[in-house]
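As structure tokens, here come the structures.
What follows is a pair of complexes built around chain A, which joins chain B in one and chain C in the other.
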Partner chain A sequence: MVTNTSNGGASSLGLRKPRRFDPNDKRIIPGLLITPVQILLIVMLIFPFVLEFVISLTEWQPIYGDFWDAFNSVFTQKINQGISYNYLVTDEPRYLQALGRTVIMSVISLCLEFVIGLGLASLFLKKFWGKRVWFTALLTPMMIMPVVVGYTWFMLFQYNGPINQVFGWIAFSPVNFKWLNDATLAFIAVIVTEVWHWTPLFFLIMLSGLNAVPENPIRAATVLGASNFKIFWTIILPNMKAVIIIAFVIRGMEVVKLFDEIYLLTRGGPGTATETISLYLYKLAFEDFRLAYAGSAAFIVLIITVVLINMMLKPIRYQLVEGR
Partner chain B sequence: MPDAKFTPFNMLALLAGLIFAIFPIFWMVSTSFKLRSEWVTSPPTWVSSAPTVDNYLTILAPQILLDRRGGTQQHGDEGFGGGKDDAAGGAIADFLNRSAWPGIKGSVIISISATILSIVVGLMAAISISRYRFGGNFTPFFILAGRMFPPIAIAIPFVIMFGPGIFDITDTYFGLIVAYAAVTVPFSTWMLKSFVDELPQEIEEAAMMDGYSRWRAHATVTVPLIKGGIIATTLFIFILNWSEFLFALVLTYTNVQTIPVTLNKYFSATEGTLYGVQAALAMVSIIPLIIVGFFIQKHLVRGLTLGAIKR
Partner chain C sequence: MAKIKLELVNLRKEFGELVAVNDVSIAIEEGETMALLGPSGCGKTTILNMVVGLETPTGGDILIDGQSVLKVPPGDRNVGLVFQDYAVFTHMTVRRNLAYGLKIRKMKQPEIDREVSKVAEFLSISHQLDHKPSELGASELQRVAIGRTLVTNPEILLLDEPLSNLEAAMRNQMRRELRRIQADTGQTIIYVTHDQIEALSLAHRIAVMDFGSLHQYDTAHNVYQYPANRFVGSFLGNPPMNFLKGKLTEDGGKRIVTSGDSTIPLPAGKLGSDVSVGSDVVVGVRPESLNLAAADDPGRFSVPILAVEPQGPETVVTASFGDSTFKVIVPTGTDAVEGSSISLAPESDLVALFDAESGVRLLDSGERR
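Now for the complex of A and B:
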């Protein structure tokens, strides 16, 4: 029994401390439990991370042959090191544009998702017929996979698709928006798709936030004659601050990765109008096969995202770790 | 504001939201049953005049369509160029011996294996973090780092790493399973951690007092008690794995296929876009997701917010 749980008792009794490895030791078991995930992440995350940095110092491309030669050349020869990084920042406007575009796209879609999600959530505080069914229906877009979302909106945004038809009804004359062939319209199309896909998540988070707002201050304010807007601004919003931050951070983490929908919808086109950073990296690496160059671009992105996301996580770090 | 009335204006807003949410899904369902001639019309066809299942047959049982057209020897355009209303008309001919089954098989194998791997690994890590505070704040956020990277940035070194010379697992099930598990393990760890957190530690301590070892207490007390949470997490991770597109796109060629990649292949067909067939495949691929999602509806928000929001 004693040896089975802890060795503490044995040494205090002056007995010889058992030297053998005891997997039930309180100091050993957490390490053992975490080992598989550490191995998985070191092999699949840290190693690629280092590898990416090393190849980004070369000019290797698949057609140049064996990867290891390029790998060794980093350590043996002193040429070309960091040339990709210089080039990226000074001579590649597409890269910086893609970064900027990703940020703009993310901010616009997150704000729209927030407003629509909060609006719908506030409706669901009231009583009405068929609430559960409508609730499930509103959540459906979230469960559909990104590729199918991209494809569905590709159908809808066709030149002769239903969206133009509906706009035509509203305008009383045929409308011929070339959604996916016009720079601005394509940008809007991507945002609409993204908003459609992820508003349900904001809706869910906001609903749980609204439900947690205490009722008594609201009743008191109503009795004292506060307007609805005043109640919302001074009672509901401050109470939901934590939830709103969580929603923005978590969605912000995901939205900068946006790839699948755009890939199916516009492939970054027309031109580079909807080319987000993921699309740009994909084109560099898997259409131009400039793997080393793409590696250096990706490495910068990795650094930026990790730093930014850690900054964004700071306010909710405690809540995430404690979790109760 | 629980006492507020549901005004007609609210009703309009709800209706608008519902139409926005449902219309694209309706359109996909409708397109998947359309005849070939109705795929691209001006003005668009909303509901097919003669619904057909040929689109589904093309991806699931092309043999039936082939038999209907008189067998493979006529495979070509000469015999039936005029059959415009036949969903298996000219353009599809090339797809008739390329059903979606390899993709479905690949998706099922990879998603299920990766989910199991991710859950087992994640559950162990979750117990370690939640019960023993392993690594303080650092380890949980180190695990989360896997979710912070844009997948494309990590896919570039994957291509080199999986290629010949290092691991040599490009275009194998194993390679994709490990890659998928690595990107979903942050979610499984964090979501399971939130479930373990909710379980009072005293229950395990009681079991240990009764003579269970720590491992046995975790395995026979903790795990069964958070069974519901584990099932919800498993289904949630399954959704994530089933939807994964980028890794399958860059790490597979011909041996291994998944549904998203198959869908993309029908998409880039040189014969023209096969709207109905793609819509049918999209339907087939999202039906499991919607069923699974319906079951774990109340846990979705917990999963997607890494356990920060419980309801």
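Now for the complex of A and C:
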């Protein structure tokens, strides 16, 4: 007798195979069982997203009446399709300026936060007096609510506030910087506030990154005669690549959303000197009620952010996904 | 005597209360391989770190070619260290790993390329030059680590437990490889290990350490055959040295050690000053230096057999000597039965006598090599 070994002994003995879940089974029940969750996900995640995209294609504002008419117009009146996109990119310098300003502000703040954070973290590799107290003190700013931070620095940056006073003491003559009323100074003030608020996060991430750098390669480089500077550039920084990129990604996603501090400090002013993309969107949507228009503006930001973040992740993507 | 390359003078290192290295003095000749042997945590690696400059000694001095190097920074001592975990730079290719030390020495690129390919060929890793360390096996990583140091042409090469991270088969291969490197380059090598077989097979001289103290520093042969104390005797050899407790007595002008009904004769030689007839002593004798005695052997002694374990061509016989038990290796087929007795004769002068309390060697016998 030829036994079909691949089928196991069960069929030859006339026994039925035990019933259990078979991933190749095309029966509908497993599919049905996960359907409610799928629907829930679609309703909660994808539907609003699609709806928002559709709105962004129209010119709808609440005062125009029911949305559904406007919605239909997307399909009937071809003229209106994507009109706000076209307008935003070609004819609205304020939007493009806000975008550019956000990018410049983000890059400057992140670089400052990174350099200061890494510097502070390097200091913490050595022993010094009061290290624990300093550690807690350095971390505190990031635990403060943005609104409080905004208010605090609003007060500090006043025309006759403490910062001007301290500068006055140093310069031995009264200093009257109009921090929040001068375009350049306001820009600096916003960056100072942002850097003060979020350097602690960089410090924390950099410190854990520095501590995770294996010690023996550093010692090996020392024995081979490398200077401290050389060791930092050729051994420590490359070993921290993933940590640094992840810190930039996390902070990058946060910093493009920068809103509350600026709102309290300058409201985007003077003029539009400190108007970031979030402030611009806010004004569009809640001061001008141009919802569809704000929707398109937001969509462009989303796409730029997704592309930029993925570009930043590219060098470590393989390492993270494959786990080596 | 050849030129002294490295000399440690009363080298001492304390970590707070702990004395990691306790006044160790060692001199190593040029072109020699010295093994620092001892159990984990005995201060071997601390000595390496001090020689290389990663740790500062609490006391004593380190001389290379007769010059103190205590004030010389690690990179300028021209001492190469291969780490136990290799410490290969994982973010660089093998080529850049090998070139690292040369780049720091500001060597020109064509020269670097030449030196790197030379050392890669010597260590048979030429085919891996453009690969990342994550693609390499353990023994190749080891070669990269050795190559990275060797390419800078160090005065002294220090190897910290180089074989402990390799599996058994690789270990034998790498041991041969290390012996080849040592022969071909004529490097002065200090080799840290806790494995006595590695030390015995690779080193000209062995320094046996325990708890930060140097117990014996001598040629591999002498350390094995003439241990300076009981610790050295027990640390080297497998099966370990037998230790037989007894009292030192004299019988017709010959020194013997007795315990209960058993006696063992001692070789002639100079006896330590603080030992006299009647003292408690321990006789140390290696299983392989006890032979079956011929009937007329003057040095023969008889002991009762406790157990017989045949192991193919050899048979391990466990016998008793007073309160102590010990093992002897005899050819299978020897007439040895549990309960009867066996007649043995120690090989000429390879019987060591230790103080029962301090474990210090008491009898100065035999010919050192």
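In the analysis below, the second predicted complex is superposed on the first by the 255 of 324 C-alpha atoms of A that agree within 3 Å, B and C clash if a C-alpha of one lies under 4 Å from a C-alpha of the other, contacts with A are read in each partner's own complex, and residues count from 1 in each chain.
Note that contacts are C-beta pairs under 8 Å (C-beta built on N, C-alpha and C of every residue); 3 or more make two chains touch, one makes a residue touch a chain.
Since this is a predicted model, take the numbers as computed values, not measurements.
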Practice item. In the overlay, answer first, second, both or neither for which of chain B and chain C A:235 touches. Key: second
Check your understanding: Thinking of the overlay built on chain A, is A:114 touched by chain B (first), by chain C (second), by both, or by neither?
Key -> neither
Exercise for review: Based on the superposed arrangement, let me know which partner A:313 touches: chain B (first), chain C (second), both, or neither?
Suggested key: first
**Study point:** Partner chain(s) touched by A:202 [first = chain B, second = chain C, both, neither]
**Key:** neither
Check your understanding: chain B or chain C: which reaches more residues on chain A?
Key -> B
Practice item. Classify the contacts of A:44 with the two partner chains as first (chain B alone), second (chain C alone), both, or neither. Key: first
Review point. Does the superposition put A:33 against chain B (first), chain C (second), both, or neither?
Key: first
Practice item. Tell me which partner A:221 touches in the superposition: chain B (first), chain C (second), both or neither. Key: second
Point to revise | Overlap of chain C and chain B interfaces on chain A (superposed complexes) | key: 324
Review point. Where on chain C does chain A make contact in their complex?
Key: 52-54, 74-76, 79-81, 83, 85, 87-92, 100-101, 104-105, 134, 145, 148-149, 152
Point to revise | chain A to chain B touching residues, read off their complex | key: 1, 4-5, 23-24, 26, 29-31, 33-34, 36-37, 40-41, 43-45, 47-49, 51-52, 55, 66-68, 116, 119-120, 122-123, 125-128, 134, 136-149, 151-153, 155-156, 158, 160-162, 165, 196, 199-201, 204-205, 208-209, 211, 215, 218, 228, 231, 243, 246-247, 250, 253, 256-257, 259-260, 263-264, 277-278, 281-282, 285-286, 291, 294-295, 298-299, 301-302, 305-306, 309-310, 313, 316-317, 319-324
Practice item. Mind listing the chain A positions that touch chain C in their complex? Key: 214, 216-217, 219-227, 230, 234-235, 238-239, 241, 324
Point to revise | For the chain B and chain A complex, residues of the former touching the latter | key: 1-2, 4-6, 10-11, 13-14, 17-18, 20-25, 27-28, 31, 40-44, 46, 120-122, 124-125, 127-135, 137, 139-143, 145-161, 163, 165-166, 178-179, 181-182, 185, 189-190, 193-194, 197-198, 208, 211, 213-215, 239, 242-243, 245-246, 250, 260, 263-264, 267, 275, 278-279, 282, 285-286, 289-290, 292-294, 297, 300-301, 304-311
